[in-house]
Amino acid sequence: MALPTLVTEHWYDLRDLSNLSREILEGADKILPHGIVYVLAALIGFVASFLIFVLPSQLIVGVYGERKLIGRMQSRYGPNRVGPFGLLQPIADAIKLMQKEALTPKGADRAVMYLAPIIFVAPAVLLFAVIPFGPKMILADINPALLYFLAVSSLPVLAAFMAGWSANNKYSLFGAMRIVAMSISYEVPLVLALLGVVLFTGTTSLQEMVLWQKHFDIWIVFLQPLALAIYFIAVSAELNRTPTDIAEAESEIVAGYLTEYSGMKWGLFYGMDIGYALAASAFAATVFLGGWSMFGLDKWVPPWMIIIGKTHLFYFVFIWTRGTLPRLRIDQLMAFAWKFMLPVALLNLVLVATERMLWVEQELDDSYLYIFAVVNIWAALGAIWAWSRFLGYRPERNPVRARLVNEAGGYVPVPEAAKGGK
Amino acid sequence: MPTREWTGEEVAAAAERLVPGSVARTTAGACYLKAEKLVEAIEALRSSPDTDFVHLTNLCGVDYWDHFEVVYHLQSFVRNQICCLKIEVWDREKAVAPSVVPVFHGAWMQECEAYDLLGIRFEGHPNLHRIFLWEGYPGWPLRKDFLSMPGGLQPGLNEFAGTARRPEPATRLVQ
Amino acid sequence: MEGFGVNFAFWTLSAVTLGAAGGVVVSRNLLHAVLFLILAFIGVAGFFVLLSAEFIAMAQVIIYVGAISVLVLFAVLLTPRAGRDNGETAMALPALLLAIAVATVFIFVVNDTNWTTVAKSPELATAELGTALLSTWVLPFELASVLLTAALVGAIMLVRSREEEAEDALA
Amino acid sequence: MTDAIKTEPFVLNIGPQHPSTHGVFRIKVTVDGEKVLDAEMVMGYLHRSMEKLAEERTYTQNIPFTDRTDYLSSMANNLGYCLAVEKLAGIGVPARGDAIRVIMAELQRLASHCMAVGAFTNDTGAWQTPVMWAFREREKILDIFEMTCGARLTCNYMRIGGVAFDLPAAFEPAVRKLLRELVPFIDEMEGLLVGNEIFLARTRGVGVLTPEQATNASLSGPLLRGSGIAWDLRKADPYCGYEQYDFDIPIGYQGDSFDRFIVRIEEMRQSIKIIKQALDGLPGGPHSTQVPLALRPPQGEAYARVEGSRGELGYYLVSDDGPSPYRFHIRAPSFINLSALKEMTVGGTVADAIVVLGSIDVVVGEIDR
């Protein structure tokens, strides 16, 4: 498979910061001893990702944007006091959190309770290492990048468990139990959904996936809409976003595993929740939405702008669901993972494998990809519809309005026809 | 059509018919039942189709200095009627009334409330406890003689009688 | 194995892994022991990265850290509080002896083996690994999956309570 | 083998400080994992002994107390108390006073149901959005109260024999504008939640009460109607001239939390209908009868009730011919509706218990009084 050439090869091309950064790294590699450059790259990558991504995106767009958007959805203004349009609100919050006393309850496991926020933060930064922000703008272009992402994203669950267990609080323990149970369940459909993508593109490297999508001028979301839906639901369950935020369900178990945290220890959890959501969005944008490529637009617009835009598109959907949907119960969530998502993901996998085999074995034209896309979109809708009907989903039987009677009296029996399904 | 309020005589007639010897006396608006026949009579009034008092609307106690009355308002949805039953409890020191929780589950909390505030002990209640105040609260606040009761609350900003009082601040005479 | 970075990483990882493994044994709190075990797993994954076996490293983290240790945590939480201590047992001394014996054997084997070092790390891609698993080694692969399924079913059968069986019989 | 894997049940205190107890109320639930084995209510954190305090004050002075029991529907509380005193003293109310009372009570029901619906959806986990939407509409109703009587929450507007002041000139257009805005709001709320599968999954079949259970537990209001019993005091025992207005009683299907929700939504529609009719036929004349300030009703007793937002709100008054009530008892619907809490929560999960508590729609000021 011939992959297309990169945007430009010139280091001075300002549209693509990656050339410059790569130039510096490769130059340094020639001068310095071999090992140092890894450390240097890590440092530069950390600082760059912090400056480019974490600071503006997370603090300003993440915290401010989320609060502002949710505010508008809830018919209120959101932050509008600190700085112009309230833009400095996240910074003010951070200063407030740092000044606050970080309480540790009596009887808590102090060491574990201190370690948990730190362990929670580290993977959020590590996740961005494999996200390609441009043709060469990638910190670690490793081959099993997709597996790396899955592996690292399973670490915060441990941190959340440590936080919940160490606090010596029953609500926290509830949260810890819930998050552990849920992450095990949702890892399965998540991996199965991504497996379909790997099957089709034939690689586990994120950069190559982007190049594949660029080469064929089709995004994987069109080829595998079902995989995106499953990925989105599963990842929002792992990230504890509503409708699946049962591990910190505020109306049930106060704040779940965060109940006893305060001050900056809580702030780290809160900030990195947004960090994980952004990482998951960036990953989804890379795998499903073509990453930094955009049907040729990436020749004119800096690719890192494109992927950040796509990331925030996904992040907006996270915010949207948070502002709209109620929360599911834990048994319903589990049932949804095992009874609905797992079979549908398997179905998707079988379909994708068949198409892949047809495409490769029969040496079909590239235009067949578009046929596959149409087929898969319909198959996705059909699979969701059919499987939910099979599981007993009958929306037409739901009562919509209360019955009306004009005379007071005793019990009014429910007519047989009006008895709901499920 | 407004709810028909049964007069005392009507209720008394129905109760006497269903459970003979249960009525003590009647007034214009209420029927006084004998305490020992109360549960039986209420059960009969609830299950008999022509009375059909299925809903215990209200239960409360009243202190009349020398005795307590427990007031029950029962109503029927289908027949759209309401009646008022009462019993009298004469022993102030050991005020005991029969509990109607076996008949009406809704009496559970209302009897707890009457016990908490008036000190009427309902015999047969599964879990009679002080529902608003804490166990060991001195006296029964809704009794008319609460303020003069031994161990009752004294007017003013004092502590509860019986509990340890704050020592008076030592005042030093200015010479 | 050349270069400052690689050496530095090797020794750091060794210290972390061994320290964590020691913590598993020494720690009195069972939950702490499990957390040390997870750290040891992560250290081992680091060694795989040093050996350019990235795929195995990722699999190590996903399976051991993401799944198995979480299951261990679950098991610890579900057991009654009395059994949660990593307390003294009479088997401490025999276990120590056994550990020394195993370590001796390993050291002997490591010293005795004639290690062939490759100048350049082999470019074993994930795709080739997958192809090998599903062509040459397909029988062991399938056997392993059957074994795991049997273990899964067996585990469910073991932990089912009598009430649940009764409920299912009624349904 | 199987016994070793049993988990130990433990006690979880939901409240007194908890986001979903709607005040300082506490449920001690014994849970086995997520399953609720037992639930015990602990209350009294807000107990102010209103019934004792009222015995020391005159009949008129007691009206502000009733505001502070169910602080979300003070108008209905005022109304119930005034009706009881009027019944005790045999005082009539002019037609205009009755119509104003009806309008105010129904506006209060709308405001209270806005709160109930919003808080309930918040308990199901819809993060603040429905409750904020509901608050937006409730604010408009409170604005109207402020315009009429100067207070938003504790209105103290009803008086024995009528209402405190006549309506201001701007009242009628403001209410008509409000009603026009409320109709799409109710549809919007319904569209957000009734068709939502997650909301349905969380509320349907949760906290089911059979009609027999609901009756036997002395429940009233939307809980009783949710279980399918057509009982509304505005129809069954009309007061303030409710018999002139055309409206229906909404009832539910199987008595679960969802039914209580749709009953409340439908009641809001019916309230709008009643207010429109009352506004159209608003009679002239005085708004109140002259009642002596030191009212001394004749010796006797009276039990008057109204259909409050949370159910049958009854006042039992005993007079000893003095200027203050001899006995003042409030039949508090929130308090008595809690009788069935244990039946509804045991067997469900902790999350269900929260939803059930939200569907009862308690106001702790009224429970503890």
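We just call them A, B, C and D in the order they show up, numbering each chain from 1.
Note that in this section a residue touches a chain if its C-beta (ideal position, glycine included) is under 8 Å from a C-beta of that chain, and two chains touch if they have at least 3 such contacts.
Predicted model, so just to flag it, every value in this text is computed and none were measured.
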Set of chains whose contacts include both chain D and chain C: A
Furthest chain, CA centroid comparison against chain A: B
Which two chains share the largest set of C-beta contact pairs: A-D
Centroid distance [mean C-alpha coordinates] between chain D and chain A, Å: 42
Whole-Å gap between the CA centroids of chain B and chain D: 24
Centre-of-Cα separation between chain C and chain B, whole angstrom: 68
Distance from the mean Cα position of chain C to that of chain A, given in whole angstrom: 28
Chain B: positions in contact with at least two other chains: 77, 80
Two or more partner chains touched - positions in chain A: 177, 408-411
Multi-partner residues of chain C (each touching 2 or more other chains): none
Residue numbers on chain A that touch chain D, as the complex places them: 70, 73-76, 170-171, 174, 177, 242-243, 245-246, 249-254, 322-332, 393, 395, 398-414, 418-420, 422
Contact footprint of chain C on chain A as seen in their complex: 33-36, 38-39, 109, 112, 142-144, 147-148, 150-152, 154-155, 157-158, 161-162, 165, 176-177, 180-181, 183-184, 187, 202-204
Chain C residues within the chain A interface of the complex: 2-8, 29, 31-32, 35, 38, 45, 54-55, 58-59, 61-62, 65-67, 69-71, 73-74, 77, 125-127
Residue numbers on chain A that touch chain B, as the complex places them: 408-411
Complex contact set, residues of chain D against chain A: 10, 12-13, 18-20, 33-34, 121-129, 132-133, 136, 190, 192-202, 204-205, 211, 225, 227-232, 235-236, 248-254, 258-259, 262-263, 265-266, 349-352, 354
